[in-house]
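Structures are listed in the sections that come next.
One chain, chain A, appears in both complexes that follow, with chain B as partner in the first and chain C in the second.
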Partner chain A sequence: MKIEISKLEFTYPGGVQALRGVSLEIEPGEQVAIVGQNGAGKTTLAKHLNGLLKPTSGSIHIGDWDTREQSVSKLAQRVGYVFQNPDEQLFSKDVGTEVAFGPRNLGFSGEQVQGLVNDALMLTELSDKTDTNPYDLSPTWRKMVAIASVIAMDTEIVIFDEPTTGQDAANIARIANVIKVLRERGKTVITITHDIDFCAENFERVIAMSQGKILLDGKANDVLGEEEILATTYVDPPQLTRLGKRLGFKETVRNEKEFLAILTKQGHG
Partner chain B sequence: MAIVNLQNVTYKYPLTEKPALQNIDLQMKEGEFVAVIGPNGAGKSTLCYTLAGFVPHFFKGELTGSVEVARNETSKSNLHEWVLNVGLAFQNPFNQISGAKYTVFEEIAFGLENIGVPREEMKGRVKEAMKMTGISDLADRSPYSLSGGQQQRVALTSILVMQPKVLVLDEPTSQMDPIGTREVFSVVRTMAERGMTVILAEHKMEWIANFADRVIALHEGQILVDGKPGEVLTSDVLTEKGFGISRYTSVARRARELGLWKRDTLPVTLEEAVKGFKE
Partner chain C sequence: MPDRLSFYLKKNSIIHALNPFTKLTLVFAIVTYGLIGAGFWTATILVCLALLPLAFTARLLKEYLGVAVKLILPTAGFMFVMQSIFIPGGTTEIFRLGSISIELETVQRSYLIASRIFLFISAFALLLLTTHPSELMTNLTQRGLPPQFAYVIISTLQIIPQMQAKSLTIIAAQRSRGLDTESSFIKRIGLLVPLVGPLVFGSLVEVEERAIAIEARGFTSTHKKTYLHEVPDTNLDRAIRTILIALIIVAVVWRVWPS
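For the complex of A and B:
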């Protein structure tokens, strides 16, 4: 399902202009990371995709739907949104009920709901925690419950707002795996993140935002190599990208594999 | 003379079986900047709460051993005395913002109001603290209209303005952009140089290595390693126990296996990695 954003502007009540003309197309099945300084408009943009916010001017189309003409509950059939803070999202007495809430509301049959819930719990490694109250879980696992409850809705588009915030290495690996499986299933994934190394290792397309506008948009290696432009939106290139530059690599590298390949070539050259 | 002195501290939250902290011995010197690392559930936040007096005064539960900060003992003090010495910035700034104030300026002044600081002095201190953390331009905004990273700066500023002897920070940059993170680390470093003692729970290894004096690795409520950043952050035991490590460390470890990293020690920072790979 294609996403088309055209000349989007948004001003919050009170006068803060958060988006100043954003145009963007995202093809079905693309994996996109959005980076940029605090207050750049990343979350404001994402909240337009599921209709939580409506444009002050400009438009957003999710497939053939104009978000101005659809309710948030209707858009939930096409766009899932994992909030930055899981506590803003969870309210049920046990994990199973929480995860079933979304698909049930979308009108799936009882059998379908059970299938979607089981799949989402397995993918997020929560199968053994079905009967636990989400608030008895650590914040790490609550994050996974929030992710599962969105995955279970089986939407074509899934948005993650800062999925790795406050997570340890093991859980970041779990979240990366969820995103990988969604890619294999042909879902569109849009992730807002400050974790530039996570971005480099898991996304093919990167959009950098600054002051309500798009600064850079392209292939991850091209965008992440633009050290000076990224600095204007308070983003450092990934650690290995910086290291490669300092060592005089001609190509931009963004993960261990690319880095070691060049190093090996140089070592033997 | 240690300003923080924990001896054989074990703590259990109410209604839990397993202690969140076990046999913790920790001494910190005045002006020392100590980073605490560990996987989620290792006890980082609990250690922060213990230093800040929330354990046991707010969370109750069972505390044994002795917790002494700035020559006060936790078991003999109450929370409102304790906060004059120790300031805590919460992991989630949303939990810290009072909800009683309409502007960022008032929010930051809230703590000083409560301890009766004269109005003019209060204004000056609030302005200075806001300048230091780079949020002067947010003074008239509502704390709830801010982004996650901006809220974290407000939360940090509202603690700094109290000028505590000991500053406890629980993942204060988790929602910040990279440059914001660097600025916070640099402000905290400055405070430590002025004599404030800092304990900081964090996952961001590169910044820890660049700024902290000492690193404590917590695992399942116990101290696993305690030492200089360069030694702790590259130790093999961290990888075995599921700690996050810097990409410089992990890539150099792989390169060493391929014979492309010649040094005995592994790098944590960009500069160390650049030097090592050039050899």
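For the complex of A and C:
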């Protein structure tokens, strides 16, 4: 499902202008990371995609729907949104019921709900915790419950708001795996993140925002190579990217594989 | 998101500059006079001759009237109407509503009660409008109020706006999961669990974290505590308090003196 954002501007009721003319297209099945300093407008932008915020001016289309004309609960059929803090949404007595909440709201049949829940629990490695109370789980696993509860809604578009904040390496790997599987299924994934390594390792397209505008938008390697521009929105490229630059690599690298490939080539050359 | 922690509105006025304890004494004096004042109009007169000028001096007349009209008047007005209609006991019937008769004595008594309530709440409202809650509590703690008690008051004031912000996030999160919050009233009752659940669980977790955080900063330490912020207590404050306390004693003595 294609996302089209056109000249989007948004001002909060308090008078803060959070978005100053954002135009953007995201093709179906794309994996996009949005980076930028606090207050750059990343979350404000993401909240427009599922209708939690409505544009002050400009428009957003999710497929053939204009978000101004649809309720949030209707848009939930197309856009899943994983909030940053799982504790702000978990309420059920066990993980299975919690994860089933979304698909039930969307009106799936009992059988379909069961299938979606099982699949989401499998994907988030929660299958053995179906009957556990979410509040008996550690914060990292609660995060996975929140992710599962959105995956189970089987939306074409999934938004993650700061998925890796406060997570340990093992859980970050789990989240990366979820994103990988979603890509294989052809879902669009949009992630807001401060974790530049996570961004470099898992996303093909990176958008850098600053002061309510898009600063850079393109292939991860191109965007992450723009060290000076990224610095204006307080984003450091990944360590390997910076090391590659210092070593005089012509191409921008963003992970071990690319880094080692160039190093080996130079070594032999 | 609410941008105010409490009623308090910062203004540069002599009322704001008074020591919180002086203002508390003033409220106490007004309440005393409102309660034991014999006359039917005492409370009304006190509102007009004490609270309104005080609000004006504090440069908060508009805000005070806003609170009075929006918050206190409906409460007092509701009580006045209900008591006038449903409490029997009068003899002079004014008019009749079906089988209910409205009597002059009941209306008078209801007015007395309602006007007193109006007076008490608005006196406190004025105190809260002109006094920062932390300043009030710091001052009372310095005067011997247990810090635990002060903490309960202050943290409640701080938690309310936080909980409001949090409940907005919860509503947003559940709507994103397809929860239809714009449906009929009956349906909405069923929505309470997903909305209130996270709020309560989250708040319980926070209470524990807060307890640990303040304990880590020596809250229950038995050493004598010093204060970063000294609340000024001037001669004027002391003079006003002495007069107020004298007035309270006079009123009480005059009232209980066997005549």
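Quick note on the criterion: the second predicted complex is superposed on the first by the 269 of 269 C-alpha atoms of A that agree within 3 Å, B and C clash if a C-alpha of one lies under 4 Å from a C-alpha of the other, contacts with A are read in each partner's own complex, and residues count from 1 in each chain.
One rule holds in what follows: contacts are C-beta pairs under 8 Å (C-beta built on N, C-alpha and C of every residue); 3 or more make two chains touch, one makes a residue touch a chain.
Note that the structure is predicted; figures quoted are calculated from it, not measured.
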| item | value |
| --- | --- |
| Superposed partners chain B and chain C on chain A - clash or fit | clash |
| Which superposed partner A:S109 touches (first chain B, second chain C, both, neither) | neither |
| Which superposed partner A:G14 touches (first chain B, second chain C, both, neither) | both |
| Which of chain B and chain C A:E256 touches, first, second, both or neither | first |
| Most chain A residues touched (candidates chain B, chain C) | B |
| Touched partner set for A:S57, first chain B, second chain C, both or neither | neither |
| Touched partner set for A:R242, first chain B, second chain C, both or neither | first |
| Contacts of A:S71 with chain B and chain C, given as first, second, both or neither | second |
| Chain B versus chain C as contact partner of A:G39, first or second or both or neither | first |
| Candidates 115-123, 169-177, 241-249 or 259-267 of chain B: the single one with C-alpha clashes against chain C | 115-123 |
| Contact residues of chain A, present in both the chain B and the chain C interface | 14, 85, 87 |
| Chain C residues within the chain A interface of the complex | 1, 3, 166, 169-170, 172-182, 193-194, 196-198, 201-202, 205 |
| Residues of chain A touching chain C in the complex | 14, 47, 50, 52, 71-73, 76-77, 79-81, 83, 85, 87-92, 101-102, 105-106, 135, 149-150, 153 |
| Residue numbers on chain B that touch chain A, as the complex places them | 38-41, 91-92, 94, 145-150, 171, 174-180, 203, 206, 242-248, 250-251, 254-255, 258-260, 270, 273-274, 277-278 |
| Chain B-facing residues of chain A, complex | 12, 14, 16, 36-39, 43, 84-85, 87, 138-140, 162, 165-172, 194, 196-197, 231, 233-236, 238-240, 242-243, 246-247, 256, 259-260, 263-264, 267 |
